[in-house]
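Shared between the two complexes below is chain A, which pairs with chain B and chain C, respectively.
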Partner chain A sequence: MNEKADIKATRTVTIRSRQGLHARPASLIARLSRSFDAKVYLVRDHDRVDATDVIHVLALGVMPDQVLRLEAIGAQAEEAADAVARLITEELPKIED
Partner chain B sequence: MKFADFIARESISASLRAIDKEGAIREMVQALLDAGRIDAAQYESIVKAILKREELGSTGIGRGVAVPHTKHASVDQLVGTVAISSDGVDFASLDGEMVHVFFLLVSPMDRPGDHLRALENISRQLRNDTFCRFLKKAKNPAEIQQLLDEADNNQFGS
Partner chain C sequence: MQKLQGIAVSPGVAIGEALVMDNEGFRIPQRFVARDAVENEIERLDKAIAAAAAEIARNRDVVTKELGEKYGAIFEAHLQMLQDQRLRADLEELIRDRHYSPEYAVSRKMRQYVQVFQRLESSYLAERANDIVDIEKRLLRHLLGHRRENISQLTSPVLVLAHNLTPSETANLDRRFVQGFATELGGPGSHTAIVAEALEIPAVVGAGPFLAEVSGGDTVIIDGDRGIIILQPDEETLARYRHESRELQAQAARLQSLRDLPAETADGARISLLGNIEFPYEVEHCIDRGADGVGLYRTEFLYLGSDSEPNEEHHYQAYRQVVEAMNGKPVTIRTLDLGADKIPHLPKPEDEKNPFLGLRSIRLTLRNLPLFRTQLRAILRVSALGNVQVMFPLVSTLMELRQAKMVLADVMEDLDENDIDYNRSLPVGMMVEVPAAVMMIDHFLEEVDFLSIGTNDLIQYTLAVDRSNRDVVGLYNPSDPAVLKLLSIAIGASVRKGIPISLCGQMSGSITYMMLLLGLGLRSFSVTPSAIPELKNVCRRLTIPDCEMVAQKAMTMENARDITAYLRGELKKRVPDASF
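Up next is the complex of A and B:
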């Protein structure tokens, strides 16, 4: 993190995976979120969890068609938010197992 | 969903002997077989399916925990087991840590919701450091069962 650490980006995404955010999607989100100079969070209602922590993502128990807010904070906040949003909306629906 | 809804009590182990991923999976599926929860003729098929799922990406979810799983047509309801390894098993987890706690799940083909709810329950409890620490230290199946029962009764505040 650097002097741009207070940059914040948010996105709203709808879960289109037919089986919700199960283990593999949660792992892919965690892996991608770790690759940016930004903290990435998934927010549902009053729960806000670290997207790099698979256990916390699974604990949200996100079902198909539920809406999540993505928050990214840090120098690469915009890049992280775009990439994770794209993963969730475009790539995860192709994954069944 | 509570642990009591899907963990086969008779299959719980506090002394996993295997030292690698395939061995650990085989030992846990054997425990489900010994407990009468899966069909002996399906043993190899279930093991292979779980290993195939691991090839897509490790189910080591961090904090020394893994949730190996598969869907399988031979079961008509979600069934799972818990095993503890004191030495730990290299499961290629995302955080690089050895795995000491296993929750293995076998679900019916057509019940993805149950599988997701089981993962949610397991993960919610694992967020509690006390539950996680005590589970890793459990000395026998009865201690593990007691921890699961306490978690089901919300005694860890998750």
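Up next is the complex of A and C:
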């Protein structure tokens, strides 16, 4: 992974999953984030966690309708940010708990 | 140094190395590793993570295949959590910088996460704490490997610290090396308490959460006299306790010299000092102390130790061992005295909101006749070998006593038909431990050969106090005048009728009550065997008229605290070296 600060992408997403960011959504986000040549972070207020660190994502305790900022840094920052944003806003709400 | 207050359930002081078991029976190991072992330990951690991950991936694949992706997803989530790089980095830091053992690092770190999760607003997310606990267990299992199970293979003396010891855990402990127990849960009647008493080692239960503060190998003090557990004691405390421990040993040796002297008062009244036992091997403790017999042989261990119901032969062999060892001295066997909720091979009662007021003891056995008959057959058979008595627990109505006696008569007929030998005049008695039984004592006395007062339950039912409940345990007091009144009624009625009565609760093992009980007319005390020498020492220095005077005065007093103080003060005047 190339974490040179040369490319950085940010997105703002609203969590729509019925139970917030629980184990299954968090693990899907982590898996997807790993597949890019970029580091993806989830930011809420002053908390910033690596999207692949599932325990820490869960520990954010993100509830439905809360707003998160996505930050991606690295060669594929744009692609990663787009893909993770799409996962969160479009795919996750479809998952039945 | 950290001092915890729990409930003292078995006397004595133990100082030694901690063996810490968590709430699933895991042994929590050493806290620290040597500096030069750090690299190896980190490698061990990585191997454990890899092994745990492979195991989870296998589970995921199997579950996904059999139940569908939705169910496999939880394992996928666990796998992702386990591969959390920050977790790995944090663990490495704890091992590298603080020299924590990988096991201890995992325990500490995971516990932190659990706390974070439990504080989350969303209850759904807070429940993910269970996932963390699950991952912790899995990692620990891989880290500890075969070392997890070796509680039965101890090589040096330890003090066992646990959340709550189960019968199967204590059954696996190597008794030779266990020198004390301390548990977070449990009350005076708990399994831990009974086993500790049987092993004659100090124990403190119900101390509240403390396992997170201690790790295997730490020095710990268990003070079973005061109910105190001391973690990481300082030098001064250690020295004080070592001194005390030596004193106790010296005192025990002095009392042992009384072994072959009769238990009688200074004015010649013969007192019967009997032993309470749970396990067959404890009969040796009775013999060592010169006990006059076994006043209470609890039989619950037969039902708790294994997953299947004990058969007649199991009962018979356990009883035979004790009856033969006592060699003609009386052995009182009590039939099953447990709640249905505690017995593994019986169906769980559906509506058991108050187990102590529910389906237990004689009520349970009268409803499970095959189980009851099996036990009675074994007791009858063993009655041919020595001086055996049978006793029914928790009798609260005459009907129950009569029903139990009918079952016994029925089993006798069976034995007759099969020409099996037994004692036809086997003495039949009952425990007096429900206030209703005291109220009806004159009627019961018409139908029993002997009585034994179980003060632990009698106090609990009279004062409506659960002594394992920390909030109300202060209300549980043997000196309560209401309790003394019931004792006085029961003992007085038995003495007048000439029916033998003994007292087998913890109250009888405490020298505080000896003058009172002798004064009320009691002549038979059934106690934990280790208490016999001290009771003998005290009774040999008392006279009956003096005790009667003290009892009379105590019976006029209105509150428990005054009564205890009075009884101790009077005893101290006559036996200046008595310690409480």
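The working rule: the second predicted complex is superposed on the first by the 92 of 97 C-alpha atoms of A that agree within 3 Å, B and C clash if a C-alpha of one lies under 4 Å from a C-alpha of the other, contacts with A are read in each partner's own complex, and residues count from 1 in each chain.
Simple rule for what comes next: contacts are C-beta pairs under 8 Å (C-beta built on N, C-alpha and C of every residue); 3 or more make two chains touch, one makes a residue touch a chain.
As the structure is a computational prediction, the values presented were derived from the model and not from experiment.
> Let me test your reading of the model: by the given contact rule, A:A30 touches which partner, first (chain B), second (chain C), both or neither?
both
> Contacts for A:I55 in the overlay, against chain B (first) and chain C (second): which applies, first, second, both or neither?
both
> Quick one: classify A:T14 as touching chain B (first), chain C (second), both or neither.
A:T14 sits against neither chain B nor chain C.
> If you stack the two complexes on chain A, which partner ends up touching A:M63: first (chain B), second (chain C), both, or neither?
A:M63: touches chain B and chain C.
> Based on the superposed arrangement, let me know which partner A:H22 touches: chain B (first), chain C (second), both, or neither?
both
> Once the two structures are fitted together, what part of chain A is touched by chain B and by chain C alike?
Common to the two interfaces on chain A: residues 19-24, 26-27, 30-31, 53-56, 58-59, 61, 63.
> How about chain A: which of its residues touch chain B in the complex?
Chain A residues touching chain B: 18-24, 26-28, 30-31, 53-56, 58-61, 63, 97.
> Going by the contact rule set out above, which residues of chain B touch chain A in the complex?
Residue list for chain B touching chain A: 53, 56-59, 61-63, 65, 67, 69, 71, 94, 112-113, 115-117, 119-120, 122-124, 126-127.
> Sort out for me which residues of chain C touch chain A in the complex.
Contacts found on chain C: 70, 73-74, 76-81, 83-87, 113, 116-117, 120-122, 124-125, 128, 131-132.
> Please give the residue numbers of chain A that touch chain C in the complex, ascending.
Those in contact with chain C are residues 19-24, 26-27, 30-31, 49-50, 52-56, 58-59, 61, 63, 96.
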